[in-house]
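Here come two complexes built around subunit A, the first alongside subunit B, the second alongside subunit C.
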Partner chain A sequence: MSTSTDDASLVARCRAGDEAAWNLLVERYSRYVYAIAMRVYRLSESDAEDVFQEVFSRAFQHLPQLRDDAAVRPWLAQTTRRLAVDQLRRSGRVEPVGDGEDLDGAAGEPGEDVFAQLDEALSVREAMAALPESCREILDRFFARDESYRTIAATLDLSQVTIASRISRCLAKLRAELTGSGRNRDAGASS
Partner chain B sequence: MPAVAGDTEIGAGAVAALLGASAAGLVVRGARASADEWEQAGGTAAQAGRLRRRLAALAEENSSAYAEALTVLDPDAPAPDDGSSRDRRIAAALGQAAAVLTAIAEAAGDVAELACEAAPDCAAALRPDTLSAALFANAAAGAAVGLIEANLLAPSAGEALERARAASARAATALERTPFPAPERGG
Partner chain C sequence: MGHHKDTALDEERLAELIALLPPAPEAWVEAAQQLPRVERGVEQILALSEADAEFRRALTEDLEEAVRRTGQEPSEELVRALRERLGADSGGA
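Here is the complex of A and B:
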């Protein structure tokens, strides 16, 4: 998978005024932005909506000045973080709300591992999207829905004895996608 | 597990789930140790890891379901506020307890199958551990079935029992296909 390369071409198309590319960029990163705003900073849905609107408004304005087109994701993350903190300050809160069980940074600033988890989740989601439908389905059923081998076999009309092997092969494909995206992202960041 | 071993209050269903989780942990270990020599080691470790977490969570769920079943079965328990009949509450509680035990049987059965599939390919040094995992998981699935049969024959438990029995039977079949290797005799 070459998400960063895709991001770079997507940003280039956005810069050229391609509306479909802009819609794709927003679609690709909307959940990511919402996840940072709501899960990390525990903003309310309406506050997160405000942050979302402002993030993409700024993205639209600043895309021409982006130095590395492949680095749009960290740019969006950083912008979302700044705007979420601003939103917290405006609402009178100085630190993320909630039980804070997954927030291990200093008061008011979540730990970097939270963002790393979100990045990883986004990478997995992108890599999953690049897999064949059969792989997406079997991985989703086993890892997300916690279905048993028997249930998966019965639902997908497959032999049960092949399910574990199929899952392993699909995981190998997922790993290949993720490894490819990791290489490209690193290359993009250093350019 | 040391904490579980010293806990005299934990129920058999939770022990079955934790036994299955521990067996899954053995499969994870065997697969990880085989990464250099077995192409599907990573995928097997990931699946076993997921089953381990699933079974650990089911141990907690079983304890809650068991406690609820004991509560509603207590003849001195006060009548519920919502006006539901005692019989209906008992049926619901037993049905839920059976569902959790069925999930334990199915997940443990999957661990047994995965262990049997992994054993021939994993590192030789950990093959006995992986086969032991299959035995433990098979026992966990069988125990879950036995608990449903003995304690939870609510009207709604029929299908659950069939699924649990099927899972246990699959685990046993997998074990028959993959017996412990005969010890090598020195010449």
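Here is the complex of A and C:
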């Protein structure tokens, strides 16, 4: 999956002092870092916030020393994990919790499969960037923000039936994007 | 992402994966995005503090007021970063 700006060039731009690139990097990985802290390690809101800020603070400081610019994602994951474990120890909780209700992993130390799922989720998110804004918004509102049909319908001034059919259509588009058929079809379409 | 072609992601699975990444609170994201500006502010203030003994004293007496004197807003992030750096500097002295 290629993103509009790949990680390596984004990191290179950050290193050169490009603040817009830094904003984009934070935007791209904020959900990922948040999910590791909150959903994998089940930190409290305030501990998760400390970890979140510390991760990006370290990222900002260490970008110049990063050996492989394309490896920023595993670097962020590793740093978040380490800081989350430190936070758990400080707060007296011995074990991180890897039995999330929506992450498939065994209780206790989170397994690599949990992180693999988050990596996969992040790739799906990157694929969403290729969808029309209306699709990105509706999928994000319904699945990631857990908003109801009623709330989305009121916000977007659409009927609930329209919302339901759009979600279904947008999921199909996303699937096509991920399997490559979306690009082929779009290339052959006039609009 | 080649693995998706083999895995046959159905739409239900896609929905689950989207749900795994809810947004971080906006304030957290904004604070992280402020880091370059905060860092620049800290560097300016520390440089001034090295060059000006009176300003250095003012920093230890009332950090937020001293920051204001430089024309910068003493945001929570800037004040925290400054305290850390000043603490680290004095700790190493």
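Just so we're on the same page, the second predicted complex is superposed on the first by the 115 of 191 C-alpha atoms of A that agree within 3 Å, B and C clash if a C-alpha of one lies under 4 Å from a C-alpha of the other, contacts with A are read in each partner's own complex, and residues count from 1 in each chain.
Convention: a contact is a pair of C-beta atoms (placed from the backbone, for glycine too) under 8 Å apart; a residue touches a chain by one contact, two chains touch by 3 or more.
Values in this document were obtained by computation on a predicted structure and should not be read as measured data.
When both complexes are overlaid on chain A, the residue A:62 reaches neither subunit B nor subunit C.
Judged by the touch definition given at the top, the superposed model places A:19 against subunit C, while subunit B stays out of reach. When subunit B and subunit C are set side by side, the one touching more residues of subunit A is C.
By the document's definition of touching, both partners, subunit B and subunit C, reach A:172.
By the document's definition of touching, neither partner reaches A:90: not subunit B, not subunit C.
With both structures placed on the common chain, the touch criterion links A:149 to subunit B but leaves subunit C unconnected. By the document's definition of touching, of the two partners only subunit C reaches A:35; subunit B does not.
Put simply, subunit A uses residues 143, 146, 168, 171-172, 175 to touch subunit B in one complex and subunit C in the other. Those residues of subunit C that touch subunit A in the complex are listed here as 1, 4-5, 9-11, 14-25, 28-29, 31-33, 35-37, 39.
Of all residues in subunit A, those touching subunit B in their complex are 142-143, 146, 148-151, 160-161, 164-165, 167-172, 175. Subunit B contributes residues 39-40, 42-44, 46-47, 50, 54, 106-107, 109-110, 113-114, 117, 163, 166-167, 170 to its touches with subunit A in the complex.
Residues 1, 17, 19, 22-23, 26-27, 30-35, 39, 49, 52-53, 56-57, 60, 102-103, 117-118, 120-125, 127-128, 139-140, 143-146, 168, 171-172, 174-175, 178-180 of subunit A are the ones touching subunit C in the complex.
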